[in-house]
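The structures come next, written out as structure tokens.
You will see two complexes here that share chain A, one where it goes with chain B and one where it goes with chain C.
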Partner chain A sequence: MAYSEKVVDHFNHPRNVGSFKKEEEGVGTGIVGAPECGDVMKLQIKVQGDKIVDAKFKTFGCGSAIASSSLATEWMKGKTLEEAAKIKNTDIVQELNLPPVKIHCSVLAEDAIKAALTDYKKKAEQPK
Partner chain B sequence: MDQTHKMPGKRVELQMARSMCWHCQSEVHGEYFCVQCVKVQPVSKELDYFTCLGRPRLLNIDLGVLEAKFYELSRTFHPDFFQNKTDAEQAISLGNSALLNTAYRTLKDPIRRAEYLVQLEAGAAKDIRTSPPAELFEEILALQEDLEEFRATSPDQDPAHVEQLRDKLKADRELLERRQKDMESRLFALFTAWDSLQGRSGHDDHVRGKKDAVLKEMREILSNRTYLRNIVTDLVDTIG
Partner chain C sequence: MKFPIYLDNHSTTPMDPRVLEAMLPYFVEKFGNSASRNHAFGWEAEEAVENARKQIARLIHADPKELVFTSGATESDNLALKGVVEMYREKGDHVITSMTEHRAVLDTAKALETKRGIKVTYLPVDKTGMVSPDDVRNAITDKTVLISIMLANNEIGTINPIKEIGRIAKEKGILFHCDATQGVGKIPVDVQEMGIDLMSFTAHKIYGPKGVGALYVRKKGPRVRIAPIIDGGGHERGMRSGTLPVPLIVGFGKACELCEQEMAAESVKLATMRDRLQAGIMNTLDEVYLNGHPTQRLPHNLNISFAYVEGESLLMGVKEIALSSGSACTSATLEPSYVLRALGVGSDLAHSSIRFGLGRFNTDEEVEYTIKRIIETVTRLREMSPLYEMAKEGIDLKSVQWAAH
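Up next is the complex of A and B:
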């Protein structure tokens, strides 16, 4: 089964690969994994005000998982926290043309977004 | 061993897909071959692999018994014996054999057997979810970063540094392999726990709760093992 052009593009030219320091102010980190395939995904956001000004990811897994997280960071940049929370795995499936066996990769990306947002909010609520 | 199943029409233990012969429409009662027209009948697609091979839902399996059962049923449905039959009969023989093969391949391997049982039984207890192993993820990410660094180096760069990295990764690999072994022995201990619970009445809430706890623990070990296995594979591929 072949990957779609968009998956191949994200795989060959992943956007926003890298990481921020977890302790840094305004950084939210989400680390999730897919027990079926053993893929691990780390997605981080940098927030100023209520806007996501930057996003980075590191994914160890198949092409679809890498493409899903790459796309997720692209989409999150410039969005408010509220808008980012609305990104659904089905949007990723549609954009990347993922086949049914790879849908769990997009679910993983959605989980990572949620985990990063939750982590940011938790950190923001903590007294400095 | 009971060889009577080879006799057309003799009733045996597999659940069949239909209660009427697909060919002559006469009633069938679970026979592998129609009593009237002697055509082979399709096995029910809903059969779980344990039932398929005549095993109770236990995790400690006598592989010899399993194999004997598999061969016995294979001889009944093997496509080789249907080469001169109609297309419909060939298709049924192929379908039945495919199911048997998958069932045997799944149950033969202890890890796949456990994964299959958890999947089967979790249907009855939907709320069995594992907590994401956050520490393990962190560890895997750190290891993957070391691996990336190692892959990016070339031997003429700084031989001492490359060697140092390689040694570290080798040590990591040994440690991880040992942990994988530990996980497997914990898993196999749970096999016995599960089997003894299966022997008790399933309607008892207390037993059900204990069973769910065992299933949950098995699922946790199995998924953690998958993460570990992936990183070990990557390590082996990179440093040999």
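Up next is the complex of A and C:
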């Protein structure tokens, strides 16, 4: 199986690897997947106002899973929460040229985005 | 050092130049059909085939007449299982095999279950991947016609107690087939001493050409009979029709001859390199686990799981080294290695496994380079792994409610 150039690029030079403190204000965390299935993604966003000012990820998974989450952080940065919610797995498939057997990686990345957004909203609604 | 480095010798081996040299005259100059009995071209080819038969038989302590040439080990496995089951159908309808056999045996057994109504017992293995002779004994019924257990496993290299299983088969009067594809040419194989009645093996795993293999079929004590799965001109005493691929057979013979001469020294050299590879990796990285048996394994095999790192990403990270992984992502089924699962290795660690397969042409320099690159890459990927981060924070990953997908 040959990887697309973009997947290789994200794998060799992943964007935004790292973590924010989960408790930090304005941070939303999404963890999706399971070790038994061979992929776990952790995607975090830092929000100011309604804008995502920073994003970070850590991924256990194949090259395509790492590339999908790396791309997701790149795309989320600078977007509003509403815009970020519109990122679709099919966009990731197209951008990274993922073969059919790797589509689940993009689905997982979309789930991670949604989970991070949900977590942020939940935290924001909580009384301080 | 030349790149990429080939460390996937369980999958296939490069052909030895001495094998190629032996084969070359049999393509253009000596092109005869070994079945042509009436002219010099045929005689020349037949002589070459019979010479190869002797070279191959010597390596496994068989009689040259007990070898049936096939297209490879998959066909040999098919012929052994299907051929015995069909021939001995009157006698019974039960076959015993194990859960860690190669797909060529497992899928053939499954086909016999669904298409022919045969009952198959798939024996479990212990946590080192070994079949227990007692389990074999206990699974035998009065309807058992065949026991099929592999010599050494293709993923983890564990060597089964074939001699004991052979003795049980003899004692009970049941035919014993052994898929010895990974073992022949690597460790001593003696069909007499091991009590093997049928044995599959192939040329391309021992520095010979792809496309040719053999099935050993015992001629006496007992005389084993098999029904052919390919009909035609009645070649190979009716057991496998089809014009013999003379150049491939000549190469197979030469490859066996070289193994016979060099195996003793080569296996020591490979085991030394393998032990260095294992120590180099395991002494530096934490949470690295050996899969298979610590001592009863093929000299050139090393299979380890790197916790918190997915196997395919590791392969991608060291793409200048050719390796194999038990990760689902490298298979079409999206299931991690059934062999590792049968050993009781968790799915998470099965996804994290890498198989190293050393071979005749690997060097110490390549081993040192591999150690360095594996350590670098595992370290880098762990820095990117949420699981490693959680484990370092003291979170028990088994206690986490994961959303399986």
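Keep this in mind: the second predicted complex is superposed on the first by the 124 of 128 C-alpha atoms of A that agree within 3 Å, B and C clash if a C-alpha of one lies under 4 Å from a C-alpha of the other, contacts with A are read in each partner's own complex, and residues count from 1 in each chain.
Here is the rule we go by: a contact is a pair of C-beta atoms (placed from the backbone, for glycine too) under 8 Å apart; a residue touches a chain by one contact, two chains touch by 3 or more.
Computed from a prediction, not measured in an experiment: that's the story for all the values here.
Of the two partner chains placed by superposition, only chain C is touched by A:3; chain B is not. In the superposed model, A:82 lies in contact with neither chain B nor chain C. Of the two partners, chain B and chain C, it is C that touches more residues of chain A. Contacts of A:108 after superposition on the shared chain: chain C is touched, whereas chain B is not.
In the superposition on chain A, A:58 makes contact with both chain B and chain C. In the superposed model, A:42 lies in contact with both chain B and chain C. When the shared chain is aligned, chain C comes close enough to touch A:14, but chain B does not.
Shared-chain residue A:125: touches no atom of chain B or chain C. Where the contact sets of chain A with chain B and with chain C meet, they give residues 31-33, 35-40, 42, 58, 60. Looking at the complex, you find that chain A touches chain C at residues 3, 8, 11, 14, 17, 19, 31-42, 58-63, 65-66, 101, 104, 107-108, 111.
Within the complex, the chain A residues that touch chain B are 31-33, 35-40, 42, 58, 60. In the complex of the two chains, the chain B residues touching chain A come out as 130, 132-134, 137-138, 140-141, 144-145, 219, 222-223, 226-227, 229-230, 234.
Chain C makes touch with chain A in their complex at residues 308-310, 312-313, 316-317, 327-329, 332, 334, 336, 346-348, 351, 383-389, 397, 402-405.
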